[in-house]
Amino acid sequence: MTNAVYPGSFDPITLGHVDLATRAARLFEHVTVGIYTRSQKPGALFDPERRLSMAQDALAHIPNITVDSFSGLTVDFAREHGASVIVRGLRAVSDFEYEFKLTHMNHHLAPDIEVVCLMTSSKHSFVSSSFIREVASLGGDVSALVPGNVNLALQERFGLLAPVGD
Amino acid sequence: MTNAVYPGSFDPITLGHVDLATRAARLFEHVTVGIYTRSQKPGALFDPERRLSMAQDALAHIPNITVDSFSGLTVDFAREHGASVIVRGLRAVSDFEYEFKLTHMNHHLAPDIEVVCLMTSSKHSFVSSSFIREVASLGGDVSALVPGNVNLALQERFGLLAPVGD
Amino acid sequence: MTNAVYPGSFDPITLGHVDLATRAARLFEHVTVGIYTRSQKPGALFDPERRLSMAQDALAHIPNITVDSFSGLTVDFAREHGASVIVRGLRAVSDFEYEFKLTHMNHHLAPDIEVVCLMTSSKHSFVSSSFIREVASLGGDVSALVPGNVNLALQERFGLLAPVGD
Amino acid sequence: MTNAVYPGSFDPITLGHVDLATRAARLFEHVTVGIYTRSQKPGALFDPERRLSMAQDALAHIPNITVDSFSGLTVDFAREHGASVIVRGLRAVSDFEYEFKLTHMNHHLAPDIEVVCLMTSSKHSFVSSSFIREVASLGGDVSALVPGNVNLALQERFGLLAPVGD
Amino acid sequence: MTNAVYPGSFDPITLGHVDLATRAARLFEHVTVGIYTRSQKPGALFDPERRLSMAQDALAHIPNITVDSFSGLTVDFAREHGASVIVRGLRAVSDFEYEFKLTHMNHHLAPDIEVVCLMTSSKHSFVSSSFIREVASLGGDVSALVPGNVNLALQERFGLLAPVGD
Amino acid sequence: MTNAVYPGSFDPITLGHVDLATRAARLFEHVTVGIYTRSQKPGALFDPERRLSMAQDALAHIPNITVDSFSGLTVDFAREHGASVIVRGLRAVSDFEYEFKLTHMNHHLAPDIEVVCLMTSSKHSFVSSSFIREVASLGGDVSALVPGNVNLALQERFGLLAPVGD
């Protein structure tokens, strides 16, 4: 039985992430999506709790996926969840370079944990959370690129929609 | 009749930008250079008004180029100026990756607008606004890399020259 | 009035090529697709006449496109067709590097001719003639990746179909 | 239960391949290493039978790995072996680009088969079969980069060793 | 007699830097490691004085290396130290692109000064100061990747060790 | 005293090569340009003797450069010439990747020999021997990209000039 973690910022989760998590869930017994909460980068949009709940909603239909947050090393997060695999998505050459260094650092820290890379599907290859944040902030329509609940949250956030309950 | 926009930060405009705008103006009926004013990145040097006026001065000799500023989506800026083409410059592989994602995002937002890439001439391939800002701030001579008015503005800014009218 | 050439081997023409030629034909007055016939690379599949006729069939529905073959310098081919623009497609970083060098060489040979790059649409970014040749030779279904006439030619070539008229 | 195939030319198998196959065998129930026999590239060294037997010897100590040869589409080879996963190694950016296109082509041909990429360990990142062939042909010592049986085969091939049984 | 400078942020110095400086010291008469003190980037960890003293300690055993700090142009720093060579390390493609532009800018500013690139050894190719800072801040063990004195400083900084003298 | 070798195919030597050899000769006591004669690649133009004599003519004005040919490992060629340095030029990302692997292979074979990379000057970044061969074969003017003697040899070869002495 092989368990995996799929770590990231997920600020917010996109349909590219959902596609990747879905495919990982076919390969491994259980996949824990890990919301990294420590670095609040400049340009961050949603707080960690919101990012977690959005990812949970977007992935609720897949039985062997759970979502959790973490603020330490990815390899420690993997061990805490009984996972021997870290799943990462590759969209482009610049992703590759970063992932290459990250993989070797993770291997140095935990040689028993394997990093598995899946290629993003070609229709999602231009979708990144940072692009989503920027385009949505400028009023661009990203409804075809993010889950429905994320689209609502973005519209609410950028004043295009009355807050829920209003 | 095909009109084009050539968007960017232009902080400040360089001779690489001037070369590209000049070549675009030979290809298309009219080119509107668009100064993107929204994101005030860390490391920004000139305010949007100054960036606009410097670009206007540097391109005043080309009749079918005008300069304008914008703070929304590039595809909306293009539509407002009756342009069906967005012109972008490519200097290096890292440019390519970013432009690739940007092009596909723009195509998703506005399938009727075409993104056209021109390669930066080899003599300008190492010239970027961020390099110009850094080198000029350290007292390096960038007079061969930027228009004359920009060179004066940089010298004034970094205390190497008395302000105009002083 | 700006005319363009779109040169390549087109062995065979793919739907990626058709997409690019179609977009180029919206940008320029006239586009001449140029079949380069000189280098018969190892792995070549169709002879130049066949490549020409397949491209003509696949592009016949676009009034301002013609197809021609050439065996000299691309810049000379452009001049012979009254074109001041060479159109090239970019799919990936490795394309970019080659095109970058090619563009600068062409600029060295003919400074008055501009090279314009269009990004391949994301759904065609993995489609290349060499992949098509290899997959088709192994019996893979490429019908969604090439024009109908090319698909028939591939099936005939690899013995999956009786020759026309047989 | 998830089975995988790990396809390649393996001309010859290197310690980088052995490392990757070993790691894949920890992730999946069974791994079938697939020797692609169709394209006899210029520069090929060993015939398919020899490549197969060398790989079998080098991987004999791993119980859930078998080695087989194939000459058709990789996705067909996967199906014939009841595998839903294709494993590929990534060493460098140029690998990435090729694998990216290959993955999307394979996904187009067989959407139910997943391509999983593992990063080559940093100590093997410069080891490729083509480098091994070239260095060995020039008398360079590659004994630390290939399995023992491959080293003997290379020495025999390049006249540095009497043939076995001689 | 050729002297060289080896400039960088060194926040902190890693074993990859030590390896590179050591190799540069075999090639050139004297190597001055230059700690760039001007840009205090977001994410900076140690102040310039500390970075300088850590580098001095880590390189004290190599007689023809000295360490100095600078806040101007690298080419000016080189001239002040009688150096006609700037040494830079290359780890990855993204390094290459940046170094390429930097080299051409430096050549523009000072055509008499040569930039020499050395490839980082494969076992250090994933080690960067920014990774070290992040991993150490999360409690990861980086003792095999940095000099002993840097490891102590990192442990002290992140509260894993009582300050010296405490 | 540090000697260097600068190996390559030099089919033919270009002004990019001359620039690099000239710069290497400023850095090191003596530079031996090494013409690799073993692999006669498809597309090769001049035989090894001709490549050697063209390089000798083009570099005759630099006293501390000699030209020699070799057919074995580069590290052995270096040792035979008392060189502890191998000089390589970098033009582009694809060069980088190949050089990266080559450097690590050479380091594996001969840890005492250092590989030093110099960036090609921006005005030569698009010049490669293979481009020169192709453009010259099509009648393109490459006189500004190669030494005078090479230009004559190319014209003679492609029938644009009567052979010397004819």
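Note that the chains take the letters A, B, C, D, E and F in the order they are written out, and that residue 1 is the start of every chain.
Definition applied: a contact is a pair of C-beta atoms (placed from the backbone, for glycine too) under 8 Å apart; a residue touches a chain by one contact, two chains touch by 3 or more.
Keep in mind the model is a prediction, meaning the values are calculated, not measured.
Common neighbours of subunit D and subunit F, listed by label, are C, E.
Placing every chain at the mean of its C-alpha atoms, the farthest one from subunit C is found to be E. Overlaying subunit B on subunit F by C-alpha atoms takes a rotation of 180 degrees, rounded in steps of 5.
Of all chains, the one whose Cα centroid sits at the greatest distance from that of subunit B is D.
Comparing each option in D-E, C-D or B-F with A-B by residue number, the pair that reproduces over half of the contacts is C-D.
Centre-to-centre spacing of subunit A and subunit F amounts to 48 Å, using the average Cα coordinate of each chain. If each chain is reduced to the centroid of its CA atoms, subunit A and subunit E end up 34 Å from each other. Separation between the centroids of subunit A and subunit C, computed from CA atoms only, is 38 Å. Shared interface positions of subunit F, i.e. residues touching 2 or more other chains, are given as 42, 93-94, 97, 100, 103-104, 122, 125-126. Pairwise chain contacts present here: A-B, A-C, A-D, A-E, B-C, B-E, B-F, C-D, C-F, D-E, D-F, E-F [touch as defined].
Listing the residues of subunit D that touch subunit A in their complex gives 2, 23, 26-27, 84-85, 90, 93, 96-97, 99-100, 103-104, 107, 114-119, 121-122. By the touch criterion stated above, subunit F contacts subunit C in their complex at residues 42, 92-94, 125-128, 131, 135, 138-141, 144-145. Across the complex, subunit E is touched by residues 38, 42, 72-73, 75, 93-94, 97, 100-105, 108-109 of subunit A.
Residues 93, 122-123, 125-126 of subunit F are the ones that touch subunit B when the two sit in their complex.
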